[in-house]
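Note that the chains take the letters A, B, C and D in the order they are written out, and that residue 1 is the start of every chain.
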Amino acid sequence: MASENTPADTFPKLLVRNARIFAERPALRHKDLGIWQTWTWAQVLEAVRAYAVGLSRLGVRRGDTIAIVGANRPKLYWSVMAAQMLGAVPVPVYADAVADELANVLVHAEVKFAAVEDQEQVDKILSVADRLPKLERMFYDQKKGLRDYDHSKLHCIDDVIADGRNALALDAKVGAWIDGEIAAGKGSDTSIILYTSGTTGQSKGVVLSAQGCIDAGSDTVAFDRLNEHDEALAYLPLAWVGDHYLNYVQGLIAGFCIACPESTDTAMQDLREIGPSFYFAPPRTFEQMLTRVMIRMEDAGFFKRHLFHFFIDVARRYGEKILNGQPVPLHGRLVYAIGKVLVYGPLKNVLGLSRVRVAYTAGEAIGPDLFSFYRSLGMNLKQLYGQTEAFLYVTAQPDGQIYADTVGAKLPNVDIRIADNGEVQFKSPGMFVSYFKDEAKTKEAMTADGYVKTGDAGFFDEKTGHLKIIDRAKDVGRLKDGTLFPPKYIENKLKFHPNIREAVAYGDGRDFVAAMINIDLAAVGAWAERHNVVYGSYQELAGHPLVYDLIARDIDETNRSLLDEKVMAGAQIKRFLILPKELDADDGELTRTQKVRRRFIAERYAPFIKALYDGSREADIATEVTFEDGRKGVLSARVKIRDVATTPVARDLEKAA
Amino acid sequence: MRAPADSAAVAGEVLLSVQNVSLSFGGVKAIQNVSFDIRKSEVRAIIGPNGAGKTSMLNVINGFYQPQSGSITFKGVARSNMRPYDAAHGGIARTFQNVALFRGMSALDNIMAGRTLKMRRGFFWQLVRFGPAVAEEVEHRLKVEEIIDFLEIPAIRKVPVGRLPYGLQKRVELGRALAMEPDLLLLDEPMAGMNLEEKEDMSRFIVDVNEHYGTTIALIEHDMGVVMDLSDRVVVLDHGAKIADATPQEVKRDQSVIDAYLGVAH
Amino acid sequence: MDLLYRIFIDPFVQMGAAPDLLVQALWEGFVAGVLYSLIALGFVLIFKASGVFNFAQGIMVVFAALTLVGLYEHGVPAFLALALTILVMLLLAFAVERVVLRPLVNQAEIILFMATFGLTYFLIGLGELIFGGDPKVMISQQLLLPSGSYNIRMLGGFVQLQKIDVAAAIIALLMVTTLAIFFQKTRIGRALRAVADSHRAALSVGISLEQIWVTVWFASGIVALATGIMWGARSNVSFALDIIALKALPVLILGGLTSIPGAIIGGVIIGMGEKLGEFYWGPLFGSGIESWFAYVIALVFLLFRPQGLFGEKIIERV
Amino acid sequence: MLYREAGQFKTSYAADQALFPILQDRVGMLLILAAAYVVVPLAASNFMIDSIIAPVLIFALAAIGLNLLTGYTGLLSLGTGGFMGVGAFACYKLATFFPGINIVVHILLAGFFSAAVGTLFGLPSLRIKGFYLAVATLAAQFFLSWCFIRIPWLYNYNVSASIEVPTRTLFDIPVTGPNATPVTRYLIVLTIVSAMTWVASNLIRGRIGRTWMAVRDMDIAAELIGIKLLRTKLLAFAVSSFYCGVAGAMMVFLWLGNAESESFSINQSFLVLFMVIIGGLGSLLGSFFGAALIWGLPIVLRYAPNMFGLSITTATAEHITFMTLGALIIFFLIVEPNGLARLWQIGKQKLRVWPFPY
């Protein structure tokens, strides 16, 4: 798909190229008014040019920062493009951020403009307007409810575009000018500033250069042979590096079409309709998907249920081998083929995954069972590893070399090394330029010789040569007796059990490992129904003795699996409790990307931690929580604590010896 | 809560006026010599205790009942009796006290049915469903989709209305009425049997319809709070006779109204 | 011109010319009408109680008659046969309630209507299977029904009244009175009238729908039997008879589906109208107009009173 | 299970409102048509065609006609047989007066005659509803079958008082009369039926269909959104009778070869009504199912005993057929009052969400 003349080094230039070579191919879809409204590359270019002109007429200048706030909607993607056309810098912000978080980012990024989705976002920004003296104008997508607002500083994106079209129509020079602006863009320009979700404290603005983004993107596009015939569903948070990379950047480079769901709650239905060929989802999503499948199958009739489980079993045995092209007995292939017709095909179809050619998961470790479940259905699911600073990924699994516990081999033009302290460090084409307005942190994040510190501990697996990540380098601790204690690693092992939604493990500098568990309401709820366990609330269910038994079994398994890995054997879980509430980003317990904030939780639930280690049978807590509707309230609860039998390491060592 | 724009409307021109209308079934007098008017782009409430003849009044206005005496002037044309078709054709739409949807049809089709009067393509085109027929179908589908979006019911677009919960049925019915792009919208207890949340939504829609489309609205409602919030003027019926006609505030203070509601004998 | 004369003037001239013939025609119409009424009565009973438009009514007539004659032919004494037949009709009522009505309760009218079609087919098949398809002679003598005729000299001519017809008229009269009393006086009768208004009402009276249904189906079974005997005595018993059920339909729309007096009066009107039509206008159209003439009468009538003769006026509410 | 709907998204309303929005359905439809046009003529025996396939198609068309009236517009009619008769006799007269003109044209023209008659007898539908209307249509039925007997002109004064279908050719191939081969006749029937079914589906998916259903579901509301009741009902009667008329004409000219008034008696009306109810009110597909079942059942019942080697007199068989038919009708109504079409729908839905139960 290389263009005739010099390769484009900015996204506006790519857009122009695509409008030329993919002119009538779909670029963007949006489920709206009951059908998938579609724009071709040519149409997008036309609209975005007009939009850019309109913006410039409203004072947007080279170097200005524009906040982009809202769900994945075409006009917000256009806003990014239009901004880049003018050499302005888009700053996507998580749409579900509360006004305060939002304000922090907007202030730090010194945004002068904001392109937002709807009334909700407009209100949110207006509510913190006093903190944003620099903010000049806002552009919104959805008119609904905004009719009676003061429009002196507020514009509907449609109007801006219309105004731009006018200008272009009236005066040919305008067209020439905007094309000039596009040409004026350089690869070294700041393409976008992405704010990290901030697993630890204040989030930082990662500055990325156009050239960097495009180089990184081109490598991965080539790596997975993505092309203009692919189709992706843009449902990941607009502000997350993942969406920007996978959909926006790769979309523009490969020229494939991205489809925006009607709304977040119809995303699953829309996924089913679109049936993307290139799909990314965090393990959590795959997990929920699987849970839903299993629950729904429970309600199926006897025959169908057994049929299903039989063939899923077959898939487990042969599926992955077949996918990896390994030898499989003929009858295996035959049964699998039948299963393909009766179960796998239909199942993938109802999940909307039947057209998937390449699927990725990342962000956190994925359960091996979960991982191989999807692969055994014949879906090419792979893992990758990276971070915002790398502009998304530095390693990925090549087709055919898939291992549940690795994150793949390093990508072309990427250089990775493991520091003495076990930290993974890299140099990559897409690596970030700096943290916005934060020299100190930038230095901190880089080594003297220009490698980026990932802060993750990991090692290259000798037999596969793939990278394995155990945990955040700084989080890896040791028990009193000196056994290695990587909390995340253990937590993930726990989370591989469908009943466990979240887990927080403690043990650094302690005598043993203890865990706080979040049950998965969907899974445990369904289980409760089948075993007619009655419960009034999440809290009640979480506290139910039978549920404790259920979880205890899972933990037992985890311990056994830990036992298998000598290094980990000492880190078996001795005690656990089930948290009375779901960990929640609104309470600051999770990051916006749903990662646990271990320290914060430790403080918040101090009484629990104490109880876990002082041997008491139960513990009380009273803590403030935020409800769905945003109201705050106090949750007070008494939770029981369970001991779990652990296999003494010594005996194990003997066996090993 | 009404924006100033509407108080202007209160003084606006008369869209429909009812003059000395009387209606009776057999011996039963449903409406006795009632007169009142509805002004352009106002929200007019008709209230009164049960059996006051409110619904009968709406039925007379859109021609479902023929009054024995009196006349109705709509858009300046006086009729002694209005035929339902003329009413619809003239731009009067209507929702019903107990939802009167086409139960066998999907929400979409119900609202599409509301476009019937706007559709022109003749029998032949319908037969072949080709060219102009399709074009027309699509054009109206778009209008309907906008209404669906406005009423926030995209999720139930293709669900047979029979299967919908009551609150949603009421919305679909409103949608069907809106699809007629009426000048005058008659709402018969739009919030009957709704929970608070649904009522709030419905009120919001009614206000939006009135403000955004400038549609004149006449509504029967029991919930006094709603009436006070929504309406510009209120006419009060009791035992088929008009006992008050004023602004909500005034009506609230009116003794005869209070009596009527408390059921004091006349 | 001539045609108009023959349609609008001539028949009346004839009537005037031969009043005895007119009376004769009216009488025969009356008797036929009475029989229509009886069938219509069967319909009305069932429709009132269960909202079922019982298309099988006609077949029930034939079936009852066939059973009676059939039993007799197998050597059962006449009156025992009669008793047994009544028993059969009772069993039929139970069967219908159990097999057809109960499973289909709360279904749309048309579904129940269709079900009675199924019933019709079933009964035809069953009847013919047991008793064979060929026409039979009604055992009127054995049932002590009179035969022969009174010849009354009047209006300068003779009017001949078949005794069997007189009997028919009387019996019909008796049945109607009995039913009337049954509905007015008995508990179940009152409940039944409650059902006619609403099923819930009946339940509140404390009588199960099942009971009521069995009762009405049995009742109309009896009516069917009586009709069968009368009609069989005048022609003979065969499935050709089931078309008289169709004859009863115009009576229904004329009288209203729910009105017993309507059924009676309607029947008589139709019966007489039909005879007169056949007698005086028939020749104009060629014979056989009675097959539809009744409907035309009813239809014309309907256009002026859509709710039928005694049906109450419907005020539509919204 | 057979469905693969992922990726079948609609980018235009036209596509969204298409007759078969789902690819697999379109394919299935094409396969069926292919089979009907290619396999049947090659494989099926004359007996198969003449006594099963052709009549089922013809009755299906009549059922569609009645379904448009009863299932979609909610007007119960028992006059179907009569309207079919009008079609048949009209076609016969046309064929006699204009021997030159293509018989297929006549068949279609005949439809207009029965449409006219149907409209006339539909007039009472403004005043009367439900069973009253049904009985009113019986009037039509009886009056018409009376005409078929009493007006010799209709059957050209044949002594047999019946229609004798003359031989007519299309491209020099005899399509009607004794020398026309079953296959030729079948192909014409098939073509007409498919075309008219397609047309019917267009009608019911469009404005007219909606007004019909509106009248069916709630005539008051329909009136108040500006639907003219009489016009709508009469149109339904007209279209319905047109279909019945064409079906009747085909019945005589492309299947039976001759017919007298009995062929269009009240029983015919009931037969078609069965097909509609058993097949499913308000479903075109159902009309085919219903026709197949109601027509096929007696045939099966007739031959079943012999298959099991037990021989019974035709008379007895006849009676048993009656009984079973009656029983089955009741059975089907109890199992699925909404007809076979509903069963089909449920099955299809199950396939779409397979392996999930819902």
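Just a few scattered comments:
Going forward, a residue touches a chain if its C-beta (ideal position, glycine included) is under 8 Å from a C-beta of that chain, and two chains touch if they have at least 3 such contacts.
All figures in this text were calculated on a predicted structure; none of them were measured in a lab.
Under the contact definition stated at the top, the chains bordering both chain A and chain D are B.
Counted by C-beta pairs in contact, the busier of A-B and C-D is C-D.
Ranking all chains by how far their C-alpha centres lie from the centre of chain C, first place goes to A.
For the pair chain A and chain B, the distance between C-alpha centroids works out to 49 Å. One simple way to say how far apart two chains are is to compare their mean CA positions; for chain C and chain D this gives 33 Å. Each chain gets one centre point, the mean of its Cα atoms, and the points for chain B and chain D are 42 Å apart.
Put simply, the C-alpha centre of chain A and that of chain C have 78 angstrom between them.
Shared contact sites, meaning residues of chain B that touch two or more other chains, fall at 64, 96, 100, 141-142, 145. Among the residues of chain D, those in touch with two or more other chains are 12-13, 16, 220-221, 224.
Counting partners per residue, chain C has 316, 318 as the residues that reach two or more other chains.
In the complex of the two chains, the chain A residues touching chain B come out as 33-34, 147-148, 262, 266. Across the interface of their complex, chain A is touched by residues 1, 3-13, 15-16, 353-358 of chain D.
Taken in their complex, chain D has these residues touching chain C: 70, 76, 124, 127-132, 135-136, 138-139, 142-143, 145-146, 149-150, 220-221, 224, 266, 270, 273-274, 277, 281, 315-316, 318-330, 333-334, 337. Those residues of chain C that touch chain D in the complex are listed here as 53, 99-100, 103-104, 107-111, 113-115, 117-126, 128-129, 133, 246, 249-250, 252-253, 257, 285-286, 288-289, 291-292, 295-296, 298-299, 302-303, 306, 308, 316, 318.
Looking at the complex, you find that chain B touches chain D at residues 62, 64, 84-85, 87-89, 93-94, 96, 100-105, 109, 112-114, 116-117, 119, 121, 123, 126-129, 133-134, 137-138, 141-142, 145, 176-177, 180.
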